[in-house]
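See the structures that follow.
Look at the two complexes coming up: subunit A is in both, with subunit B in one and subunit C in the other.
Here is the complex of A and B:
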């Protein structure tokens, strides 16, 4: 039992995280939060960061396992797919963010889609795609994603050069050999072409990561949205399949393992998914036949509830920050009750401690 | 059919019938108007510590009391009363008053969101304040809640008394429970009616609770208005006969 040593003062490389650090918290600097995690952290975690004035993640076994695999990847082989799965509130998104932070510190290029479910529902403006008449564009979402991608990977955008000429419309085009940053700028400024810009970025990164200039990490949260159903409809009220959305079409090509020089880390989640039962958490159930066949083979990593050590560590962290204000929460009785009420589920525990 | 079932239950408790139709005004026994339990029904003992005491540690009175309870009829414990260490009767009462249409789940979630909002606001203030001020800032949402309601309780109230064909507002001392009820009622009505339609209840309530905690805000003003009216009408105080 770790008493009083829940904080890891490791501002250094996350490469130093090992088995003995399991259950302890480590700090993420505000600089990293603004660049790497401008999108992608769960909203309750963002609230917690704002309240405590610090971002602390717990080092847990699934993330450690993934970091071990990432450290020993062979970049000559095709990209391996890792899928985090687990019940609601167990910490899949935060494990994904942990691995993203590790890779950012190791200077990989991070391609992070914060929640794929947001792309297949509640879209106000669907445009018919300019590139392919059969598909649909989502200008708003694409431009926000491009902005966040730019803040995350500033220094790479000037180094990578496009290998083809792209014509946007009668007056604008991007020449061969110009930096990728120009494509991103074009997408942000001309919102109509944003989805196409995203498609170009994905294609170029996939092509060039095999050359070995940079390492690419593709991180998608809620990847089961790519193969499910959408709630979007055409003007004649007929439903749209996911492959008719240009972004989803390009993203599916990205998570195929036919490129080298990086890794693909995915999460399947039921929260936010469409037309899936609440209790479903296994990849087979959430991805469906089509998705499972497309992603096969992959390495599944189960994210489960806290074990007793991690639970103690979490409570200790809250006590250190004075988050548990109720007098009875400090006692043994209170802790036993929290354990019972939350069933050691991280999400539930966080919600319980919020009002105690 | 429901009535006959109730009378059957009453009749089955043996010689001691829980007859509520005959109103027994025994001194010292407060009666609840709508309770179907007779006066001989005892309140349930929820406290876990009471039952966990080993037999050897009990004194003679406690042993006698336990034996006595075996012979008495006990009311059913309501679903809201738990043996949780975090249970608070004031919070439960407030939640019940906020509830609409029996939707306790919604009322309870609003209550927890309010407490969370109060806590987060206080934490923000705490981190922004200097070292001396940090000692004065209270971060516990429960103490803030209790103190705010205590600050809102009126000391004296007004009652309409009919005299000579006219109703007069007569100042009258209020019982504890009436005061607590009025404080909670004013707080809830203030949040529901005087605020903008689109703001959410936790937001409104947390703001009102914090203002009342510092003895400012509209609920405190309403309490003072009540006091001023009572002071203005103090000539009518002799209309009260109890």
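Here is the complex of A and C:
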């Protein structure tokens, strides 16, 4: 009985998610997890997937809204930017992942940066960029990202052809017309050139998506990192601005809406952000003036706490998987307690129900 | 009047000083027994005064052990106290005839304001009977023979009391047997009032008898009196037993429950205040709500990210099973994170009193929801690193 209420058995027909499915969970197959979401999901969700041995996402209104827009996009027009914003723990990242899954099933090319904040802090090795002396490279992060990108979009990499010749160093170069996969391979093997490889990939994809061969989805989580401050410093302890990082520079170009044939889905989050107050959640506050002007115009989508129906559904899901072991969890009073303590915030509820 | 004031002042100050010193010493616990004390026991014997001039030869060892106050001395103190009381009343402009002990306390607190925290260290002026500990007179006469027949038991008043009580018990039983023999015996069970009075505790009994008792003695005593009270007694025996019972007042602290107020939209609400450490909170609880709580204009999930604080907020509602029924707006300032949560909890509980029956108010009080937590940060003392922590002890 409960299964019918909270679960959707449909797996393939992502396109058929409508308002009547609001509040219900749907399954993501392990295949998709390995390819599409090799680097996308929040770590707590990954733990939950491992525990329950299945990946279930709840269908919620912000994601449904976005899917509706995506279904009705006109690919001749410049790419529209959608920004998920909301308070901490309300489900922005998972909504982003939902839309990524939808697009993956629709056979779009997914360009997913899991957390832009990771690029602007805690970087061990910063190299001076080979391409441009003023900028900095981040070899490790770039190579990891390239690996994940490869697993996500295997079948596209052989189809897309590079339209320029790129010389890596004295011995290696990529000819015009060779598949993009070669660039990616080059970046993975030669870690020194990884960031440049990423830049090339971004440039090529942007150029070619306007041609209409494929549809491109750019998904960036924590896009406010692109315009904030970094905690990285040069050898002489002077701070580095985000523009001086090659990756950030290229990503900013990507997020501009001067190309057609796809969509840009972004989230702004305070959680990993640097030098932003805890209670800030509006795009204006988190992006700053520069970021807001760069992203303007965009469509903001608010992600809020669960409404009562979604809350019930989440509790049912946990109960089905025997996750809530307290005797009172089944009763009304237990549910009221959980409701009060978490104030219907998905993140808080998950932490409350977690193991000690 | 001026001439009179000076000696009064001297006497008053002497007594005050003495009172301060002795009362502090008394507070430490003067339950030490000494043979040479003024006896004041029920069924007391003739107080024989010690003629120090005649028996100066026989060194009174008992008297040297502890400071003794002779009866003359106590009488003089009482006279001085009364005179001082009249002078004090005069000073304060009140009527000396109707000057009670509370008036004396107020006058002394006014004339000698003290900033000391320990209430027992402040100046007091009380009747000498309350200040000087009760002492026993010398129990033997000039010839050395003790007055009481049970003197050589060591605890003469205790054993005489037990003897008396047992005598009464035997009397009652005899009477019962006679009645049964005559056939007029009627089994009437006495309706004793179990709640409202209690037996004397051991310290009170020791104070009454001016003797040191052991736990077994006290237990024996209680058992005997219980036995006596279980039988049907007449008025004299009831009085005897009643003199060893004290009434127990149920701590019904009257929680002032304000009636519900209504704001402009017609919603009933009630306010409450609370504090904890340095945090102060004011709360308004609205009826017919959905469980929204706003603290200082911010949602409570954002204001208290820690689950422990939100559990504190939840406690009053959860206790009364009214989790999703009220809305709440609060303002809080001062203190830290947990102190603010505790302050809001107290304020909420107080506000909820107006929505709830009296029984539930009593349950809340017993659960500790309505009591303000008196713990505050203890002062750091000089010579120590913190309030309690001492500096590291170095041997050399």
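Keep this in mind: the second predicted complex is superposed on the first by the 350 of 356 C-alpha atoms of A that agree within 3 Å, B and C clash if a C-alpha of one lies under 4 Å from a C-alpha of the other, contacts with A are read in each partner's own complex, and residues count from 1 in each chain.
Operating definition for what follows: a residue touches a chain if its C-beta (ideal position, glycine included) is under 8 Å from a C-beta of that chain, and two chains touch if they have at least 3 such contacts.
As the structure is a computational prediction, the values presented were derived from the model and not from experiment.
Participant: Quick one: is A:211 in contact with subunit B, with subunit C, with both, or with neither? Answer first, second, both or neither.
Facilitator: Touch partners of A:211: none, neither subunit B nor subunit C.
Participant: Pick one for A:299: touches subunit B only (first), subunit C only (second), both, or neither.
Facilitator: neither
Participant: So, A:279: does it touch subunit B (first), subunit C (second), both, or neither?
Facilitator: A:279 contacts subunit C only, not subunit B.
Participant: What is the contact status of A:140 with respect to subunit B (first) and subunit C (second): first, second, both, or neither?
Facilitator: In the superposition, A:140 contacts neither subunit B nor subunit C.
Participant: Name the contact category of A:331: first (subunit B only), second (subunit C only), both, or neither.
Facilitator: In the superposition, A:331 touches subunit B alone.
Participant: Quick check on the superposed pair: does A:345 touch subunit B, subunit C, both, or neither? Answer first, second, both or neither.
Facilitator: A:345 contacts subunit C only, not subunit B.
Participant: Would you check which partner chain A:87 touches, where first means subunit B only, second means subunit C only, and both and neither mean what they say?
Facilitator: second
Participant: Could you pull out which residues of subunit A sit against subunit B in one structure and against subunit C in the other?
Facilitator: The answer is residues 333, 337 of subunit A.
Participant: In their complex, what parts of subunit B are in touch with subunit A?
Facilitator: Residues 84-86, 112-113, 115-116, 119-120, 123-124, 127, 139-142 of subunit B touch subunit A in their complex.
Participant: Quick one: which bits of subunit A touch subunit C in the complex? Just the residue numbers, please.
Facilitator: Against subunit C, the touching part of subunit A is residues 87, 279, 333, 336-337, 339-343, 345, 348, 351-352.
Participant: Enumerate the contact residues on subunit C facing subunit A in the complex.
Facilitator: By the definition above, subunit C touches subunit A via 291, 298-302, 307, 310-311, 314, 317-318, 321, 323-324.
Participant: Which of the residues in subunit A come into contact with subunit B in the complex?
Facilitator: 47, 51-53, 322, 325-326, 328-329, 331, 333-334, 337, 354-356
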